[in-house]
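Labels for the chains are A, B, C and D, by order of writing; each one numbers its residues from 1.
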Amino acid sequence: MQIAFSNQVIESSLMSETNAAQEKKPLAWRERLYEIIFEADTPAGKTFDVLLLIAILLSILVIMLESVKSYDLHFGKEFTIAEWFFTILFTIEYAARILCARRPLRYVFSFYGVVDLLSILPTYLIFLDSDEIQRLGVIRALRLLRAFRIFKLGHMLSGAAELRAAIWATRSKITVFLATVVIAVVIEGAALNLIEGSDNPGFSSIPQSMYWAIVTMTTVGYGDVTPVTPLGKCFAAVIMILGYSLIIVPTGIVTAELSHIYSSEKLGGSHLTTQVCPECMREGHDPDATFCKFCGSRL
Amino acid sequence: MQIAFSNQVIESSLMSETNAAQEKKPLAWRERLYEIIFEADTPAGKTFDVLLLIAILLSILVIMLESVKSYDLHFGKEFTIAEWFFTILFTIEYAARILCARRPLRYVFSFYGVVDLLSILPTYLIFLDSDEIQRLGVIRALRLLRAFRIFKLGHMLSGAAELRAAIWATRSKITVFLATVVIAVVIEGAALNLIEGSDNPGFSSIPQSMYWAIVTMTTVGYGDVTPVTPLGKCFAAVIMILGYSLIIVPTGIVTAELSHIYSSEKLGGSHLTTQVCPECMREGHDPDATFCKFCGSRL
Amino acid sequence: MQIAFSNQVIESSLMSETNAAQEKKPLAWRERLYEIIFEADTPAGKTFDVLLLIAILLSILVIMLESVKSYDLHFGKEFTIAEWFFTILFTIEYAARILCARRPLRYVFSFYGVVDLLSILPTYLIFLDSDEIQRLGVIRALRLLRAFRIFKLGHMLSGAAELRAAIWATRSKITVFLATVVIAVVIEGAALNLIEGSDNPGFSSIPQSMYWAIVTMTTVGYGDVTPVTPLGKCFAAVIMILGYSLIIVPTGIVTAELSHIYSSEKLGGSHLTTQVCPECMREGHDPDATFCKFCGSRL
Amino acid sequence: MQIAFSNQVIESSLMSETNAAQEKKPLAWRERLYEIIFEADTPAGKTFDVLLLIAILLSILVIMLESVKSYDLHFGKEFTIAEWFFTILFTIEYAARILCARRPLRYVFSFYGVVDLLSILPTYLIFLDSDEIQRLGVIRALRLLRAFRIFKLGHMLSGAAELRAAIWATRSKITVFLATVVIAVVIEGAALNLIEGSDNPGFSSIPQSMYWAIVTMTTVGYGDVTPVTPLGKCFAAVIMILGYSLIIVPTGIVTAELSHIYSSEKLGGSHLTTQVCPECMREGHDPDATFCKFCGSRL
């Protein structure tokens, strides 16, 4: 709370200064730490992000190998040590992020703040002796979500932004598409339950049949549940061709939308920076932006 | 019948009045009911549609859970009560729709009219003691089709209209595509029946082999029927690559058509209203439309 | 031979006459038959095509049902009668086609000529007493290929022509794509044979492994052959993601090509006629064409 | 080494001569050999490439058939002879390539140089008596990679170049897409391991669950591992719909990019030659290029 307060003070004082003065003033250690941890424009920031990414991937690897019984028997001790090493590392990083963020609370409750917390918390739960809780250690896999930060590196940020723009622009059509899929799944599930339900345990209830309908419609086709009656097979054939054809429509929509974005050159020419707004923790600012376009605070 | 008649009278009298007079005249309760039930432009209409959607989804949930044996044993009574609650609710709504529609008969025989009837009828069949008929209760799942009315909400209507326009514009090519798929399925089915039929029960008849061919061509691939002879596997490989590649063509067609629609801005700029024509029960009217573009009656 | 000869004579004499004279001259019965059988511009031609299509579909239905043992036991006699009815019908039609075609030999050796023959020949083979040959009766399913003639009806012809144009324009890229798929399949097959071959009977030889690789790469995924070693599963995961992603590229190519065709309006505005060239039996002529664009003979 | 040296001398002397003199000078046998082996512009070069392609395909066929036990028992001797024939042929070709390349070392370490070596080496390993090493004979399947050289023939080169350009232009978006798929796979794998791990051997470890997640997300769906608990099936349904929908986005991106390339006509009008740079062994030069655009040496 006190940190948040002092942060506010610094910010207000910064806002009152002129631009010229600000650029000349040497950055305080907190500002410098902020640049390293939250941004990827400076060499130090880039190095930090790359090292963090490696640490994340290694820790994910440890979690994976730990879950394999034969490895766990042989290297159990090493895995525990590695896990504690990464947890402490990420805890320090988490503390540093809170320390240097201008509005720590906003960081804590931002998407990445929650993910950062979830990736260190489960290890500490080991002190609790319940088996049930220890199994939740698998939640640590969520720390891979932090790897999304790599999109700050290279030219990936503008690519991700374009993708988001295209999906956002087509959201109403994609909703229509998904609603159609869901309605088709429910009705097909009910129909197959009616047709096959009495003979085939895989269609004994509507939710079961819906599971089958989704497996079929998305063309996954496990084969753990398959229709056996001729009528059921006919219905299945219809839903297969439907699922096979249905994917065409949203593809066309997203593509047409993306072509539209390309030709209107709204996004084609812009190169977004990797700066994170120190206030609202959001990305995607233009290189010439001085203020955050989401919350208006100085970048 | 009498309702329909009085309705006609009101309508005729309305048509004979001048526009100015009509706009000033306070709406009768039937007009107001019509606005609430059939349209989503007014706050009351929007609220009604949202509540109806929730009721539909809840009733579908009850139908689903009812079909699971273990739940039915424990909560059978509660499910029956809930089912009757929703059925009576939808019956009242159905009666209200007939009451306020200007041409009730046209509503009754419209697509949604039939769906509305089918979603309440099966519950009343429970008075009939036949087991066979009671199993048809699953038809109630069709009431999910009524959920398509949600497309009236938000911006989904124009999205759905654009989709329909694109599919309609490409119907001849999609027919060619589907005909090619069907012909390929029949010929592959016959070929595999010839090759594998004597050894493999899954290919014992042409319809059986066609079922396999559809499962393969749509890349679903259950694996309940698979070729075992080398020649059969070769044919299967060909049909797989064919099915994998075939989807490309209609995708290209629909996309090109959609891009065309986008660039010609025929649909891009228009925002359709949620009004339903009181005469022919069809949607998709432009915001500045005063008369239905399908039947010419006043909106 | 004699027919072909007399045909030639008629044709030459026709060619020497002036256009004006030709248009006034009443059509001979052979010309009229030609119009009915080979074209779909006149009401009689359209009716003939629709009736033929129904006959083809019905005969295919008979072939299908005949292959189901339980139906064959009960209705074997009826099926044989129906089969002979359709065979004689198609034989008459085949004879009529030869009779009225201006160059019968060219028709006989054209694609549809061969298909027409193959759809009647197998039934006559029943007189041969060998079981082996009778099993070839399934070849009659090829008569469904004749159904491709329905594309003459409605607006499907220009749709089919556009499809062909798009596929033809992108043939070099699609070849590259298919070659890449085949090379990936062979190398993956060899790799999995090396990794899994000793333990897993499904990968005992390279062709076997290639079958698996095709099943996997096209995302069909029967599951009749699956990798069991960790390394094999890793390789399988790579080929899956490859197959899943690979489809993107040709889709993009065909779509871009189709958009190009659309915007250059080369095909968009034209409506092709259903006329078949009486000389070379090819379709796809423009409505204002007086001579065949493939062989130069009068339409 | 000496060859490389003398080669350098010739090259330097060639470089110092004037263009006019060079064009008149009759080509030395090495130059002629170079044209035949490395290029496909001359009739001799085209013939060589076609013959080489046939030899590669035949040798691949031999490798495939050899791996089938029943064939190997009967035709083992013939296969060995054929294999040695192709190996010696490819060895001679490899020597000739080294001999006529202007910079042999660069050829040896180029992609095709390594592939060429790998396709002959395994056969010679037969002299080593270890069974382990002989199983590596399957590496010879890599010689199919040499078949990629066929893209020099026909119009395929510009098609392949356009494909590469489109993929290269969209690499950042495709990376984002693949990273999203991988992150989704890891998190889904961890989740299913948590949910199903205790009951279902197919989900006993995170890598196992990830294998299942990839099989599901790419819509392959073997069915060797399937969820059995209701919660697991719900999660599976989510990942299926995700995988089914996800493919839309990169398709749209690549297509939009390709349309862009088409309309800007950067690649549409150019026809690339089949010349290989004698220095750096790279292809894709424009027809009017006199110097290699990658290393600047004379073509």
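Operating definition for what follows: contacts are C-beta pairs under 8 Å (C-beta built on N, C-alpha and C of every residue); 3 or more make two chains touch, one makes a residue touch a chain.
Please read all numbers here as calculations on a predicted model, not as lab measurements.
Engineer: Which neighbours does chain B have in common with chain C?
Structural biologist: A, D
Engineer: Pick same or different for copies chain C and chain D, depending on whether their interface residues overlap by over half.
Structural biologist: different
Engineer: With contacts counted as defined, which of the two, B-D or A-B, has more C-beta pairs across the interface?
Structural biologist: Greater number of contacting C-beta pairs: A-B.
Engineer: Mind checking the centre-to-centre distance between chain B and chain D? Centres are C-alpha means, answer in whole Å.
Structural biologist: That pair's centroid distance is 48 Å.
Engineer: Using mean CA coordinates as chain centres, what's the gap between chain A and chain B in Å?
Structural biologist: One centre to the other, that is 34 Å.
Engineer: Going through chain A residue by residue, note those that touch at least 2 other chains and give them in order.
Structural biologist: 207, 210, 219-223, 243, 247, 251, 255, 257, 259
Engineer: Using the touch definition from the top, list the residues of chain B that touch chain C in their complex.
Structural biologist: These residues of chain B touch chain C: 172-173, 175-177, 179, 183, 186-187, 189-191, 193-194, 204-207, 210, 216, 219-223, 226, 230, 233, 236-237, 240-241, 243-245, 247-249, 251-253, 255-257, 259-260.
Engineer: Sort out for me which residues of chain B touch chain D in the complex.
Structural biologist: Residues 219-223, 251, 255, 259.
Engineer: Enumerate the contact residues on chain B facing chain A in the complex.
Structural biologist: These residues of chain B touch chain A: 60, 63-64, 67-69, 135-136, 138-139, 141-142, 144-145, 147-148, 150-151, 154-156, 158-160, 162-163, 166-167, 174, 178, 181, 207, 210-211, 214-215, 217-224, 243, 247, 250-251, 254-255, 257-259, 261-263.
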